[in-house]
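As written, the chains take the letters A, B, C, D, E and F, and residue 1 is the first residue of each chain.
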Amino acid sequence: MRSIVMEPGFTVHAEGSCLVSFGDTRVLCTASVEERVPPFLRGKGEGWVTAEYGMLPRATHTRGSREAAKGKQSGRTQEIQRLIGRSLRAIVDLKALGERQITIDCDVIQADGGTRTAAISGAWVALRIAVDKLMKDGLLAADPIRQQVAAVSCGICGGTPVLDLDYVEDSAAEADANFVLTGDGKLAEVQATAEGATFDEEELLRLLRLARIGCGEIFAAQRKATGR
Amino acid sequence: MRSIVMEPGFTVHAEGSCLVSFGDTRVLCTASVEERVPPFLRGKGEGWVTAEYGMLPRATHTRGSREAAKGKQSGRTQEIQRLIGRSLRAIVDLKALGERQITIDCDVIQADGGTRTAAISGAWVALRIAVDKLMKDGLLAADPIRQQVAAVSCGICGGTPVLDLDYVEDSAAEADANFVLTGDGKLAEVQATAEGATFDEEELLRLLRLARIGCGEIFAAQRKATGR
Amino acid sequence: MRSIVMEPGFTVHAEGSCLVSFGDTRVLCTASVEERVPPFLRGKGEGWVTAEYGMLPRATHTRGSREAAKGKQSGRTQEIQRLIGRSLRAIVDLKALGERQITIDCDVIQADGGTRTAAISGAWVALRIAVDKLMKDGLLAADPIRQQVAAVSCGICGGTPVLDLDYVEDSAAEADANFVLTGDGKLAEVQATAEGATFDEEELLRLLRLARIGCGEIFAAQRKATGR
Amino acid sequence: MRSIVMEPGFTVHAEGSCLVSFGDTRVLCTASVEERVPPFLRGKGEGWVTAEYGMLPRATHTRGSREAAKGKQSGRTQEIQRLIGRSLRAIVDLKALGERQITIDCDVIQADGGTRTAAISGAWVALRIAVDKLMKDGLLAADPIRQQVAAVSCGICGGTPVLDLDYVEDSAAEADANFVLTGDGKLAEVQATAEGATFDEEELLRLLRLARIGCGEIFAAQRKATGR
Amino acid sequence: MRSIVMEPGFTVHAEGSCLVSFGDTRVLCTASVEERVPPFLRGKGEGWVTAEYGMLPRATHTRGSREAAKGKQSGRTQEIQRLIGRSLRAIVDLKALGERQITIDCDVIQADGGTRTAAISGAWVALRIAVDKLMKDGLLAADPIRQQVAAVSCGICGGTPVLDLDYVEDSAAEADANFVLTGDGKLAEVQATAEGATFDEEELLRLLRLARIGCGEIFAAQRKATGR
Amino acid sequence: MRSIVMEPGFTVHAEGSCLVSFGDTRVLCTASVEERVPPFLRGKGEGWVTAEYGMLPRATHTRGSREAAKGKQSGRTQEIQRLIGRSLRAIVDLKALGERQITIDCDVIQADGGTRTAAISGAWVALRIAVDKLMKDGLLAADPIRQQVAAVSCGICGGTPVLDLDYVEDSAAEADANFVLTGDGKLAEVQATAEGATFDEEELLRLLRLARIGCGEIFAAQRKATGR
């Protein structure tokens, strides 16, 4: 597991923010609270949590083109931001949130593998801070966050299960998996993919066991960053 | 498991085609062979297999807007077509395919849950037929398809694991998972998601066991449709 | 005239549907009823009938790119869907329809010339079935469909007028024309175009005479498919 | 027939240009010669003639939105520019043009009905001037323009056939038709559409007879403008 | 200074219009009055003045591509239309205008340098005519136009300050500047840019002095065109 | 003048990088070197320097929408990135750079006024570091950077000239100006705009004098950050 650093309050305007680092991977997560919900939820007394993901053009080894300039978000970007949103909603009581929306922006400042899992892990911190602020301001009767949520990537490299892949390991992995776990040890999402070789049930379980170890560390870092 | 029907050769122009039905879900899969590869593969002596996915506007209970008219593919569409492509590449030897591309178009004629897993299952048939044609035409020295590949969705509904969810079941599921399995019993992809409730390792394994049963039936239908 | 097959009720969700074949040309037409009208008609007590057209990427001899992936509909697509919409509105009493919209989706499953005329001919069947359903449900006081409408393409190939061109004939035609006729023998639309040679009034009239013969057959097939 | 004015050489940069007025309808047509052809024609020894159409936002009674700002051309715009291109290609020998492309831009400065037919009529003048320049410069061995081409709109208003509809007449017409005729009296394109009522063969022919009269006047104006 | 011609009332539909020529540069400016304001101003009792800019594809020496066809406006176009809008708002009392919007469309018919400054100068005339009409119609209690506004480009060519650059001078300039001046001699906007060489304060002031001379001529032409 | 902080080498992948802060405004600037030039420069033995600008959605007081999600860059974004690119090219000898392109990405992490001037000032540091690396690697015979370049915003607030406006001051300014100065005291760009009131020559000069003071501080910070 690479060294994890979480800097809460990295920016001044957002209701919650956190710069999260997993080794050289650095993602800025901000939580923005808006007192309105998307059309499909209006008048239902429920809130919404959603996420957007982006990568600065030179976050990577070689410069990628800017999605805003190309005029569309890649399939990869959309897949990741949908995953982040689902992971957060898995641990939020949307009724308890009331008719408001919290948007988590996860922008990759520097990439070295595992940006989506770092984003989920840091997003929870930004969300926690924003919800704490809502509670302190007397806008919420009960805490809508039911659990912590964290994510880590694992993979099989040269036949060996590896935790928290960096870019070089990720490129070489025969299979990789992202696990999203909640504070009570349950699963919110599993995404396992054969890259160069298919895998079996036993290997999947070994990766899951590694992920439990990694998420344990992340949960601790989240608690430290939020004073929980 | 709903009744599976596979109609190979449903269209006349494509090098391979199959109309696959899982109950009321019907997906038309066509394989198009082109004697060129994407720029990143040129001159490397390797081929490529990719997929595109679409849904007719009135494939669903209420009409959805046409992606071509909106001017962009949804995140869901992109996520699905990337999954189909990865699943097929997991069982194809791209070097053995030579410098050519096979594009599998999966278009949903009618939707009742499980369109992405039906698409993967039918895509293999279309691909198999197209590759058989290439072999018969003497364009391939060896068969580049190493395995069958099939997919099925499973979910937990009211605490009970259910195989091959239809739309009503899918809407009610607390968790759902898509498994992509290969003919030799290995895993090509696992995507499990908490919808209303998180899940644990034991539940994931029970869903996987169901998926093995379902994919067994699909493998048989694929062999029958392709005469293998 | 190629063999005409009309399969009403090809899909289960749409209020009306028809898979129409003119030889190897196959178009799926669905009618979707919505209890709202476009902004320019709101509060005017009138309904609207509109159409959208698409072609599956491998409906054709060689694969075409997917319009949803390119991010825009071609000029050809837009021209065709505007023609289908106008042709249907020519035989519908929009006041009698009430403030609701019927959208006809015409998706080409397989193309061998004459897709737009097949689409118009099949669209009428889907529309007829959807309107019959509205009448049966007591939502319409009077039948808003005043006539049948059908279309066929004709052309001059090697100096000879030809009815219902397939792809090969269409490519070779010096001039081609699409005629949209109504059940009472009137014209709803004429589109005649010089391809390799200009034409004269006499040739136009000979093509129109052929079109009358072809539409007679289509009208019969429509009546059979709808039990009228 | 409204008064026709053709001002050749309205702009200084284009190889050919003409500001054409049909009453209050004013269209600026420019011909741009480029010594290259579209990809599908490269190396075939043939040229290409194409057209683009646009309308200034306040060419109309009330301001329309700017297509460049909306980010796409309407179906109407695309339909019109395709028609203009076909009409010109109907009278040009593309082999005699050699491997070069002439693009005709037709921009509506002021609209009062019949902009597409005015555009075709003025486009011929711009094309003629540009081709004369190519011939004078010794770049063409033979004249690639075989005929004049002109267009006019006609319609049935209150049961009466009317020639060259202005905006008010066009809005009231039960049916309208655009005829594209060549200098030798042949037809290049017929587009007749039922607006409020279907029409019969006899009416179509009466409109065509009117169109012949109108195009006669336009041909004379074209000859005067080009000194032919 | 090139010869300035202003033709008020060049088009019939717009509430105000002017075709302005600075030598071979010709820009059509139209003012469209709408009795509504953009969302951010609704209910505030204030009006809005905005501008859009476009260039016909063959306004220039060689044909440029059509922005509507490319599907987006260039950075240059957006920069210019924002400048025109700001320049007009600098001399309009938006409260006195009331809750209505005036859109000035500036379309370049022919370009030979200085299109943005010609556009601003002609836009004032179109705006003045439209506002005079509103006043004549009794829709405005007081004149919301506080001043004239005009603009001219200047540059340093071969070390010499030059007024009103044409295309050839503009291409050769080491530095160029656009000045927007008001009728009372104040500055609304200064945009000075090093092209081939940086410049100093003294040079900037010399260009400004030239601009005052040029704008004096333009103010006179504006007064003549509007009868003020 | 707010406190200026420049952190060179903020990211690891880019050839040059700098996180620049002007008070609460923080912009990450990275320089990416590519051994190719845009098409219009190919084979001319010259290089190119260009810039792109973006703002994270929650860089501002309230969340703005993500340009990549909207599918286009705003006019403001394009205007700013064009300005940054011009400012850098004003002090670079493109011939001495050789046939390579340096792209400067300026991404606003946090905004409190003056983001474009901070971006230009930080961009120079990123560029300087990247060029130093090229020189150290022996890829450049001579230093292509001729001067430092820096920028600062000034404005007139309540009649008083103010240097380096923050967001609150900027919103209240009657006029504001951005000056881009080079290390030898020359001007690369002046952009002065009336916001609530027009201004005169004397005021422009007073703002320029302030800008000289501010840029002096920035030049010192740049030298310190780059060790020059």
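Criterion: contacts are C-beta pairs under 8 Å (C-beta built on N, C-alpha and C of every residue); 3 or more make two chains touch, one makes a residue touch a chain.
Not measured: the values here are computed from a predicted model.
To get from chain A to chain E along touching chains, fewest steps?
The distance in steps between these two chains is 2.
Taking touch as defined above, what minimum step count separates chain D and chain F?
2
Please tell me the distance, in whole Å, between the geometric centres of chain C and chain E computed from their C-alpha atoms.
49
Taking the mean of the CA coordinates per chain, how far is chain A from chain F in Å?
Spacing between the chain centres: roughly 32 Å.
Taking the mean of the CA coordinates per chain, how far is chain B from chain E in Å?
So the centre of chain B lies 58 Å away from the centre of chain E.
Touching at least two other chains at once: which residues of chain C meet that condition?
Residue numbers touching two or more other chains: 71-72.
Can you tell me which positions in chain D touch chain C when the two form their complex?
Interface residues on the chain D side: 72, 75-76, 78-79, 81-82, 86, 90-91, 147, 177, 182, 184-194, 198-201, 204-205, 208.
Which residues of chain E touch chain D once you look at their complex with the stated criterion?
11-14, 17, 24, 28, 30, 32, 34, 52, 54, 56-63, 66-69, 71-73, 77, 103, 105, 107, 109-111
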